[in-house]
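The structure is given below, and queries will be raised subsequently.
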């Protein structure tokens, strides 16, 4: 089955890298994958999107993602700015970085999971240029929410991307988010 | 055997270049080509790639430096996109005229105005008469493989022509997917070191690219045409050898037929569209609709014989292209019509211009093309809602409205 | 005079052109490429015919300072070694008659005369 | 700073690396500039020339005046093409061959500026020699950035209202000095020994080296073909053209310009130079005074510059 994922973030929050790592993690499990950014200029702070596809078969489709199965929101402040549920399949899921519980989010009709990725990043002092790193903990949350990929694959993909201490810290963040995910 | 990595089209291009061991790389950054030159800079600065990397001040100088280096007898690589390619335009003709087999990756992007960084083929299309070999790619894997094959074809003594490897901006350049990156040894076995006969060598001084008048120039031009003709055979041969060595092939190297058996209508297209069209054909075939697909891989030399052969099978042939020749439909369309002209069972031809400025060419877009072709096959007439201009019929398919 | 100067130069051009044309027609392996494979082929081109004034050297006056030799744009003045010193000779095959040598000769050993007079 | 390299006319090679039979106009200063430089550069040289007179008169198929490898590509990219050659030579481990550009003033100071600036900033291993005939000679004498004030050209004609070029010559060598490259020098064909010394010095350096050689064009300057050297000499003696070199940042005047700078020689009135050339025939005494004034000012600036960067 082809699964399509859309990631919402702000320029600089690592949404594109999240899509890339997601694909790499799934690839480790023998899946066929694809990851790509929103096609256009990306600017620090501006709302951006990135996409990923995971499938058991080779992926031929090269169009934009119109009806995702999963939506990942790296920054809850985007909820009032962009329609994160646009085109989301009726049985789709939204994973949000927030301190709130799923039921406190004003989105009905969809399965919602939440995790305080910002809190995890701050707790682990996982910062880049003073900003908390959100994409790696959110990948842990994705693994737990969707069960499309295993946490271990995420951890491996992260460690490959950043060998050494940085990778360890990011992997820990993913694992913490995996543990702390809140379901409705 | 190589190893599969999840990389973008641009990174695949950088790996393709690296594996071919160019002695000189000269490039200037432009969106969306940048990650190619950044990756090569990483390779060079990390000692993974042993080459002179000239970080020039413009695309014009990028290709000029390649010109100088190749004339001095070493293998070169560059990459660009859109405005950058337009700035190189002048030098393109120098490279092909002087018969220097320079290798270039092009990330096809819209030319301004309006300023737009997304996919369109109108940057490479004006260079179809520049005397470069032009190969279009459908996937990151094909980008990597094509760069390697391009060197082999272009450096063939019967060819000696520079080569483009084209990929759609973002749709390929920035899309991560599994790509088999061959081992260095495998590529070394496939691609021998460059040996050019006529180079700048103080021990054997010659004059390259002098002023020529009409007494000699037509013969040199004929030499270019002949080299292009020879390239057809070389592409077929190199494609076969590549398949034997690496287990991957792209049609016969010039063109690929997809589900053309029993097809009533066929769509001709290039680049990333081909993948989406494959899905549409699969789905329509499941519904017992007799549609086929033709992928043009080599735009120059143009697969004339192959297209004539395959066009015989259908009553309507459509061309879907991400570019326009204003006042004449699209360049691929006009080339196709020329190629199939005079066939005894000549199909009706329809040109579809779509995806301009990077607008998504999705399954609906492709399906719409097939619907129009099937309708035309039934009625024998091109539908009246098409823009009509003498014998030419074409239409902009707007994905957003579907 | 070197060997390459001998023979009818205008015919050499024509032959080269015909050679290319002929080869293009007949030889499938032949790839015409815009390259001149030999150096100094201009020696076939006797530019002496351009001259309307001709430098005449008065060998008695010439001190062999070589000023004319180093200032000739057409390399049409040759050094001739005589024991330990030099004298010069004008190569009329290429001299275009610009008159630099006559103007610059410090001892006025070169005069310009009308060609054919 | 390295010592002067002695140039002995008797020891200059007999071989002409830029041979007779080329089709330059009679009395061509550019052809002479090339010939003189090649006497020093010799056979370990790969020459690039952009579109300019030299390309046409030196290599029109099947005529080739060069005894060294020679090639051409376009007009504005000389420095970049030569940088490519230099990179290739480095890759091949060839260290004793120079990638040399001979280019006209238009291809250098106007359309070629970007590529030169890029190559100079990267300090690519290129020796760039501009033979300056102060206009686009190849296309029939249109004005370039190097055309001097007042000069007639086909695009600065002597009209009833505007007569000749209304702007002064671009001081290109100073732009090159600003790039902090290893070597910048000016020269002219009359002072061939000074020129050859500079070529000899540049030849053995690495990195980007720039020589700017004033090369009179009797045809375009509307002068007698025999006056090429006289004009070249007067340009220096009147102070209109200043001979100097800037060796790794150390600036010094050379040849007659040094004598002028040191007050050992008086500058000749510029009129002596201008009156030999038809391109200046229309100049009034007032125009000539303006040019004289410009020369004075230019010398003041150069003297100040020389004092500030004394080598």
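Labels for the chains are A, B, C and D, by order of writing; each one numbers its residues from 1.
To be clear about the criterion, a residue touches a chain if its C-beta (ideal position, glycine included) is under 8 Å from a C-beta of that chain, and two chains touch if they have at least 3 such contacts.
Model, not experiment: these values are computed from the prediction.
S.K.: Could you give the separation in Å between the centres of subunit A and subunit D, each centre being the mean of its C-alpha atoms?
M.R.: Result: the chain centres lie 62 Å from each other.
S.K.: How many Å are there between the centre of subunit C and the centre of subunit D, using C-alpha atoms for each centre?
M.R.: Between these chains, centre-to-centre, one finds 25 Å.
S.K.: Between subunit A and subunit B, what is the gap in Å from one C-alpha centre to the other?
M.R.: 35
S.K.: Compute the distance, rounded to whole Å, between the mean C-alpha positions of subunit B and subunit D.
M.R.: 44
S.K.: Please output the residue numbers of subunit C that touch at least 2 other chains, ranges allowed.
M.R.: 34, 36, 38-39
S.K.: At least two partner chains per residue is the criterion; list those residues in subunit B.
M.R.: In subunit B, residues 98, 205-210, 212, 216 touch at least two other chains, as defined above.
S.K.: Indicate which of the five shapes (line, ring, star, complete, other) describes how the chains touch one another.
M.R.: other
S.K.: Go through the chains and record each pair that touches.
M.R.: Result of the pairwise touch check is A-B, B-C, B-D, C-D.
S.K.: Inside the complex, what are the residues of subunit D that reach subunit B?
M.R.: 43-46, 48, 55-56, 59-62, 64, 66-74, 76-77, 79-92, 97, 99, 114-115, 117-119, 121-122, 124
S.K.: Help me check something: in the complex, which residues belonging to subunit B touch subunit A?
M.R.: Answer in residue numbers: 4, 6, 8, 31, 117-119, 169-172, 174-178, 272-273, 275-276, 278-279, 358, 360-363.
S.K.: What residues of subunit B sit close enough to touch subunit C in their complex?
M.R.: 97-99, 157-158, 160, 198, 205-210, 212, 215-217, 219-220, 222-223, 226-227
S.K.: Over in the complex, which subunit C residues touch subunit B? Could you list them?
M.R.: Those in contact with subunit B are residues 17, 20-21, 24, 29, 31-39.
S.K.: What part of subunit C is in contact with subunit D in the complex they form?
M.R.: Answer in residue numbers: 13, 16, 34, 36, 38-47, 50-51, 66, 69-76, 79, 86, 91, 93-94, 96-100, 102-104, 112.
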